[in-house]
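When the chains are written out, they are named A, B and C in that same order, and each has its own residue count from 1.
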Amino acid sequence: MAQSNASSDDARPDARYIVEFRKVSKSFGETQVCRQLDLQVEPAEKLAIIGPSGSGKTTILRVLMTLEDIQSGYVIVDGEHLWHMERRGKLVPANEKHLRSMRTKLGMVFQHFNLFPHMTALRNITEAPMSVLGLDRAEAEERARELLDMVGLTDKADEHPSRLSGGQQQRVAIARALAMRPKVMLFDEVTAALDPELVGEVLNVLRKLAEQTDMTMIIVTHEMGFAREVADRVLFFFDGQIHEEGTPEKIFTEPERERTKAFLQAVLQH
Amino acid sequence: MDWDWQYTWDEVLPALLDGLVVTLEVTVLAFPLALVLGLVLTMLRRSRRWYVRHPVRWVIEFIRSTPPLVQLFFVFYAVPLLIGLRLSALVTGVVVLGIHYAAYLSEVYRAGIDAVPRGQWEAATALNIARAHTWRSIVLPQAIPPVIPALGNYWISLFKDTPTLLAIGLLEILTQAQRLGASDFKYVEAITMAGLMFLVLAYGSSLLVRYLERRYGTVERVV
Amino acid sequence: MSVFTDNIDTFLDGAWVTIQVTVLSALLGGVFAVLAGIGMLSRRRLVRTVSRVYMEVFRGVSALVLMFWMVFSLPLLLDIRLSAFTGAVLALALNIGAYEAEIVRAGVQAVPKGQWEAATALNLSATQRLRRVILPQAVAIMIPPWGTMTIHLLKASALVSLVQVADLTARANLIRVPQPESTVALYTGLLVIYFVLAQLIAALFNWLERRATVGRA
């Protein structure tokens, strides 16, 4: 990440957006997963990202969650640079302290749940609020039980993850991320690892979240019907760039570009 | 204190090199014994007869979980009373370390053999191949190559266990160092050099084994 | 077998020394192992290098040679008094710690990457990630090989008899000299005692393993 002037035009935050990518590039060895990517997300927007696997759509979420760094460009979250910080008027690469302060704005749900196997469902949810936000046990547990109610797992509070089905684990993982009250939630193919009959219960929770909260949600998914139903806007991601974007209506009924048509045809066929 | 270079050069090194010859003798004689005996133990342990399988398992467990030093005393002092034949320190060392490492190696072989798919046995049965022949020409050729690096690691371990033979007066590296230390009170030079000798040889060999691991892949070590 | 009943006090004293040597060097070695094992995964190059050098050196030098060095050379080198017991325990701890460091490193690395990522996404600090999420899972993975190493340590503890520490093996040797007719019974019994102690250690670690995985798959 090169140093540059904080006041230069391509680095100044734009107050209209909660998430912005400005000319972000990222590659793993030979493969470029983001090429000069520009992306804006408005507060409270529900954004769905679709596209073939390996197109780099998961990388967008992982960059936002600070799990992968970027090679050039800027990422801005809630008015602040994510991968840079200001030092004497200059933008310099972020240190761990800056990253930690930025992570408070973000939450993520993973494809493979990544619940902590040595903790009960309740403990999975209370751990971070207690150790990061400094809540006391009673507050944290109250918050956790409300969230477990919300995802329909009131009676599973004391179970370890290995005793839960995939769908139940993923719902606990959603509650765990929500307990940190992030402004932006990232959902990375959250139903892709589930048996088909368990997909519905997880999508129902997401649907409820999309309807009832003004949290910004960025959803990478293969569930086209779901994307169409909950998203305000759909991005078709291809080859490290946004190939086409628009309202769900537009993308799913009258896509303009050939690649988009071909992709939708292929995934909607089965 | 001052390090006596003259003494190190004139007295310590020649004595340690004499010791090294003995140490390598033990290492080179005991390990092949362990290789062969270990394989025999592994195969007996997989015998279809329970009265072979179970005792062998316990014998392996017993050898593995008792100190080589005490086994050494047993063979050096007790066995001659039982068989009426005195064994030299060298023979005792080779026999004890050979048997001790055979017990370790039987675990290594076992890991290799367990990694051979069941289907290979079943195919051999289906082709009506005799059991001994199945072992020799179907199972072992697949089981051994992946465990070669692990075997190498045990060879190095055996080398590092040879100073134990000081207990029965074998003139290996540490015994030589100890004798010099005691006679001239130059423990620092003598034992430090002995330590360096082990470090250089063991570390050098382990680099070789790591190279083998990269080439042939690896099987989990047991000890 | 009268050699045992006649010398019961001597054996109990020796067993107590063997247990002390084993337990103390297991605890101290555990500290070395955790420091070096986690050190090998550090982001700082210097920490990684120091940890790795510790591991290579103290695995490379034979345990008994290290023990002789600690007991006979180190006091001369530093001009200090160091009891044979302390020197022997220190040597065993440094040696076993170098082996166990590798177990710690492998255990930590065996925890799936997704666990680190989830802990990062929940904004846990680096220390919290390690202490609350990774280590509890790594420990469960580490217990079985750690048990094997502890039995190895029990066996290696017999080496202290060669630097005049009066453990079980040393006491048995002392008894043999005036009573050569009891040699066979003596060493057979000694092997059996070590075998039983090793089985106790194995049982302890089996119990720990069951406890560490309670509630999990």
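Everything below uses one rule, namely that contacts are C-beta pairs under 8 Å (C-beta built on N, C-alpha and C of every residue); 3 or more make two chains touch, one makes a residue touch a chain.
A quick note: this is a predicted structure, and the numbers were derived from the prediction, not measured.
Compared with subunit A, the chain whose C-alpha mean position is the greatest distance off is B.
Innermost chain of the displayed assembly, by C-alpha centre distance to the whole-protein C-alpha centre, is C. Between subunit B and subunit C the centroid-to-centroid distance comes to 20 Å (mean Cα coordinates, whole Å). Inter-chain centre distance (subunit A to subunit C, centres taken as mean C-alpha positions): 46 Å. Subunit B has its Cα centroid 55 Å from the Cα centroid of subunit A. Here subunit C touches subunit A in the complex through residues 112, 114-115, 117-126, 128, 132-133, 136-137, 140, 215-217, going by the rule given at the top. For subunit A in complex with subunit C, the touching residues are 65-67, 96, 100, 103-104, 106-108, 110, 112, 114-118, 120, 127-128, 131-132, 160, 162-163, 173, 176-177, 180. Those residues of subunit B that touch subunit C in the complex are listed here as 1, 62, 65-71, 73-74, 77-78, 81-82, 160-164, 166-167, 173-174, 177-178, 181, 187-188, 191-192, 194-195, 198-200, 202-203, 206, 222-223. Considering their complex, residues 56-57, 59-66, 68-69, 72-73, 76-77, 79, 148-149, 151-152, 154-159, 161-162, 169, 172-173, 176, 183-184, 186-188, 190-191, 194-195, 198-199, 202 of subunit C touch subunit B.
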